[in-house]
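There's a structure below that I have some questions on.
Chain IDs A, B, C, D, E and F follow the sequence of writing; residue 1 opens each chain.
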Amino acid sequence: MKVIYPGSFDPVTNGHLDIIKRASENFDEVIVAILDNKSKKPLFNVKERKYMLKESVKDLDNVEIDSFSGLLVEYVKKSDTNVVLRGLRVVSDYENEMRNALANKSLDNNIETLFMVSKAEYTFLSSSIVKEIASFHGNVEELVPKVVNENLKEKYKNTYLED
Amino acid sequence: MKVIYPGSFDPVTNGHLDIIKRASENFDEVIVAILDNKSKKPLFNVKERKYMLKESVKDLDNVEIDSFSGLLVEYVKKSDTNVVLRGLRVVSDYENEMRNALANKSLDNNIETLFMVSKAEYTFLSSSIVKEIASFHGNVEELVPKVVNENLKEKYKNTYLED
Amino acid sequence: MKVIYPGSFDPVTNGHLDIIKRASENFDEVIVAILDNKSKKPLFNVKERKYMLKESVKDLDNVEIDSFSGLLVEYVKKSDTNVVLRGLRVVSDYENEMRNALANKSLDNNIETLFMVSKAEYTFLSSSIVKEIASFHGNVEELVPKVVNENLKEKYKNTYLED
Amino acid sequence: MKVIYPGSFDPVTNGHLDIIKRASENFDEVIVAILDNKSKKPLFNVKERKYMLKESVKDLDNVEIDSFSGLLVEYVKKSDTNVVLRGLRVVSDYENEMRNALANKSLDNNIETLFMVSKAEYTFLSSSIVKEIASFHGNVEELVPKVVNENLKEKYKNTYLED
Amino acid sequence: MKVIYPGSFDPVTNGHLDIIKRASENFDEVIVAILDNKSKKPLFNVKERKYMLKESVKDLDNVEIDSFSGLLVEYVKKSDTNVVLRGLRVVSDYENEMRNALANKSLDNNIETLFMVSKAEYTFLSSSIVKEIASFHGNVEELVPKVVNENLKEKYKNTYLED
Amino acid sequence: MKVIYPGSFDPVTNGHLDIIKRASENFDEVIVAILDNKSKKPLFNVKERKYMLKESVKDLDNVEIDSFSGLLVEYVKKSDTNVVLRGLRVVSDYENEMRNALANKSLDNNIETLFMVSKAEYTFLSSSIVKEIASFHGNVEELVPKVVNENLKEKYKNTYLED
C-alpha cells in the first residue's frame, strides 16, 4: 500500500518524523506532500521545507517528498493511490481531522484517510510551538531534526530580542 | 413560542437549513437573524446572504429573515421574544456556545438560549469548509441549498487555480 | 409549547431546579418525567423522588411531575407533545446527550430535543456528587432543595462513619 | 497489507460494517478479531457473534472472522501481521483509543495501530445503544445488519415490558 | 513559596482576580507578570494594564505587578523562583495549558507549573468576551474590577454604534 | 508549603512517582494520602499499597505516606495544611478533577487544590491499565516502580491464562 502524508511541515518536527518513519516501516511507499498554501505566510518557503524534509528522511528508501497546492483530493486523484495518512495528537486536533477526513470523503468517495497516533512525548509538539521557541532563541534541538535546528537558527539570527 | 436563530450564514448550509426546518415545525415563528459583523470580512454581503436564505426557506411560512449588527442581546430586547435558538455540532463548538449563552444571560437575565443538535450527517459541516471547497471548484451541491451552490460558483468563477 | 423534562432525579438538585424554573417561564407546560430504571439501584424510590420534586416545584403552576419506565420515545409518543428538554453541563455530558438525542430521533423522527445550558455555578453539580457528600454527612444545603436536604439526612442518619 | 480489526462486536453494527467494508477495499486482508472478554457478561456469546459477523461479511472475500482472549498484543504476535485497525467515532472514544494504541506499543514496539473515521451518520452508533433500544422492542433495523436485527428480536422476544 | 502568575491581562477580569486572591492567601509571594506580546495588538498598553492590576490588588500585600516580553522561561530564570501559576477554566483551555507547561519544562527542566481551577461562575469569563461586550456598550461591571469597568467605558466612549 | 497528594495508588505508577518527586522538590512537605475506599474492591489492600509507596519514595526525605477513609475535606481539615495536590493527564480526567476541586471548595472554602501536569510520556498511564496488562502477564517494568512490578507478578502468578 502506498500512502500520501500531507501537511504544512513549516518546519518538519520530530513528531512528523516519527510518523514518517513508522509509515515507511509499515507501508510500501510514503509520499510526504507539502501543502503550498498561498493564503498563509509560512516561515520557510516550499523549497526550503522540501530540502529539510529530504535531509531528514534521506535514510528511508521508500519515502518521497513532493508538494501540492489546491485541494488535497485533486492531488490524491492525480496520484496512483487513494490513501491519505495523518497523525493524531491532542483532542483538539481530533475534530479537525475528522472534519477533513469526512469532507474529503464527500468530495471523492474513494479517498480513505488512515490515522496514526503520535508517540506520547510528541503529543504536545507542533511546528508553531517550535517556531515560537526558536524566535526567542530558545533551544529546540530535541524537538526537530538537526537540519531544521540549523535553519531555524539561521532564520532568526538577526532577530534581536527586545530588552 | 417565537425564536430568534442568529448566525453569520456566510453562506447558509444544509446544516443550518435542517435546524431552520425543524424549528419551523416546532415553534410558532422563527426569525433567522443574520449577524452583520463589521469587523469580519464575509464572502457574501448581508444582502446576498439574506437573498440566499429567503430562497432556501421560501416554502416555510413561519420563517422570516432579518439581520442585525451589534450585541445579540440588544437585538433580542427590541424583538417580541426572549428566546434564542442555536444548533450544536461538534464538541469544540460546545464550549463557545455555552460561553455565549452564559454571557448573554449575564447581560440580560431574561434571555433564554435553546439548543438543537444537528443531524449526524451535518456534524462536521460548516460555512468555512463549504467556502474552502468551493474556492477550489470542488463540488458542494450536497452540502448547501441549490441557490447557494449557484452563487458560490458565480463568486469563484474567475478564481483560476494555480497549476 | 409543552415540554417533557426527563431524568433520574435521584435526587433533584438545584441544577435541575434551575432548568425547571426557566423552562416553566419559557414554555406553556413542563412535564418533569422521572425515569424508573429497573436495572439501576436508586437511593430514593420513584415515590420518594416524586414527592421531593413536587415539594420543590409547588410554586410553579405549569409544572407537573410524572414518571415512566422503558424507552423515552414510547413515553413521549403517548403524551400530547413531541418536545424533550435536557440540561447541558460539562463537555463529557455533551456527547452522551447528542447520542441520545440522535438515537431518539432515529427511533421516532417527530421527537425533538431542546437543550438548555445550566447556570455556570451548577456546571459541576450532579445527583451523584450530592449523594457522595451526603453519605459522609457533608453539608449539601446549598446544592439541593430544602426537602431533599432533609431526606438525605434521614436516609444517611444511621450511616456511621468508620474511624 | 493485512490488518487485524479487534472488538467486542456484541453485536456488530452498521458502523462496524462500514469500517470492515472500507478496510476490505483498501487492505489485502482483514481479520475481524472478536475479543472473548471473560470478565464481561456479553449479550451474545462468541459463537453467536462470530455467526452474525460471518453472515454480515459473506460477500467480502478478503475478510476473515476470528476470536481471541487475553492481551491483543499476544494475539497480534502470533499472527502474520503487526497492524491493528480501529474505528474512531466521538471525542470520548478518542482518548481511550490513544491510550490503548500507546499501551500496545509499549508492550510490543512493532505493533502499529491505524485508525479510520466512522461515517458521520454512525458517529453516535454503538453496540450498547443498539442493545438498549432492542431490549425495549425498539426498531434497530437501520442500525444493524439484517441477521443481527433478527437475532436481537429472538433474544428479547420473551422480555415483556413492564406497564 | 513564591509564584509567577503570567498572562496578558488585557484587561484583568474578576476571574483573574479570584486566582490572584487565592494565590496570595496560599503562597508567600505572588508576581503577576504581564506579557508584553509585541506581535499582538492589545486594547490596553502594558502601562495601562499594570495600572489597572495595581489598583485591583492594592489590598493584597504580597502581590507584585511586573511585566515581561519574550519567553516566559527566560523571565522565570531571571527571577528568584521556578514556579509558574496558571488558572484553568474550560476544557479547550486545558490542552493549550498542558502544551505550554510541557514546552516550558522542555526548555528548562526546573520550571514547574501549578494550576488552580477558576471558580465555577468564572468558567466562561475571558478578557476577550469582556472587550466584546464593552465595545457594544454592554454592562460588564459584574465581570471586572471597578477600575477596569471605568477604563473600558473611557476606551469605548467614542465608539458610536451603527444603527 | 505542605501539600496532601491523595489518590487510590492501587498500585502507584511511574506517573504518580513523577508527580511525587517534583512535588518533593517544590514543596516543603508532601503527604501522599491513600484513599481507603470501602465501596471499591482494590487489588492491593491499604497496607500493601502503603508498603509499595514507602519503598518507592524512600529516598525522598520530605515525603510521608498516610491513608484515610471518608471525605477528603475531613482528612484535610484534621491536617495542618489546606492544600491538595493532584496530577492532570488526559482531557477526560480534567472535568472530574475540576468537579472534585469545586465540590471540595463548596464543602470547605479554605481548601485549595493545585494541579501539576504529568510528563507527556505518562499522559496515558493509569493504575487500571497497569493491572490489566499485568493480569495477562504482560511486561510493566517500565511503567511502575520495581517493588510494584514484583508485587504484581506475585499477585498474578497463579492466574493461568486461558488457552
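Here, contacts are C-beta pairs under 8 Å (C-beta built on N, C-alpha and C of every residue); 3 or more make two chains touch, one makes a residue touch a chain.
Since we're looking at a predicted model, the values are computed, not measured.
Enquirer: Going by the touch criterion stated earlier, list every chain that contacts subunit A and also contacts subunit B.
Expert: Of all the chains present, those in contact with both subunit A and subunit B are D, E.
Enquirer: By the touch rule set out at the top, what is the minimum number of steps from subunit D to subunit F?
Expert: Steps on the shortest route: 1.
Enquirer: Quick one: which chain's Cα centre is the longest way from subunit E's?
Expert: Chain D.
Enquirer: Comparing centres built from CA atoms, which chain ends up most distant from subunit A?
Expert: Following the centroid criterion, the farthest chain would be C.
Enquirer: List the interface residue numbers of subunit C and of subunit D, divide the shared ones by all numbers used, and answer same when the ratio is over half, different when under half.
Expert: On the two sides of the subunit D and subunit C interface, the residue numbers are mostly different, under half being shared.
Enquirer: Taking each chain's centre as its mean C-alpha position, how far apart are subunit A and subunit E in Å?
Expert: 34
Enquirer: Distance between subunit B and subunit D based on Cα centroids, please, to the nearest Å.
Expert: Computed value for the inter-centroid distance: 37 Å.
Enquirer: Could you check subunit E for residues that touch two or more other chains and list them?
Expert: As it turns out, subunit E has residues touching two or more other chains at 91-92, 95, 98, 102, 120, 124.
Enquirer: If two chains touch, include that pair; go through all of them.
Expert: Here the touching chain pairs work out to A-B, A-D, A-E, A-F, B-C, B-D, B-E, C-D, C-E, C-F, D-F, E-F.
Enquirer: Quick check: in the complex, which residue numbers of subunit F touch subunit D?
Expert: Touch residues, subunit F against subunit D: 90-92, 124, 126, 129, 133, 136, 138-139, 142-143, 161-162.
Enquirer: Residue numbers of subunit D touching subunit B in their complex, please.
Expert: 91, 120-124
Enquirer: In the complex, go through subunit E and note every residue touching subunit A.
Expert: For this pair, the touching residues of subunit E are 38, 69-71, 73-74, 92, 95, 98-99, 102-103, 106-107.
Enquirer: Could you pull out which subunit A residues touch subunit D in their complex?
Expert: Result: residues 1, 22, 25-27, 82-83, 88, 91, 94-95, 97-98, 101-102, 105, 112-117, 119-120 of subunit A touch subunit D.
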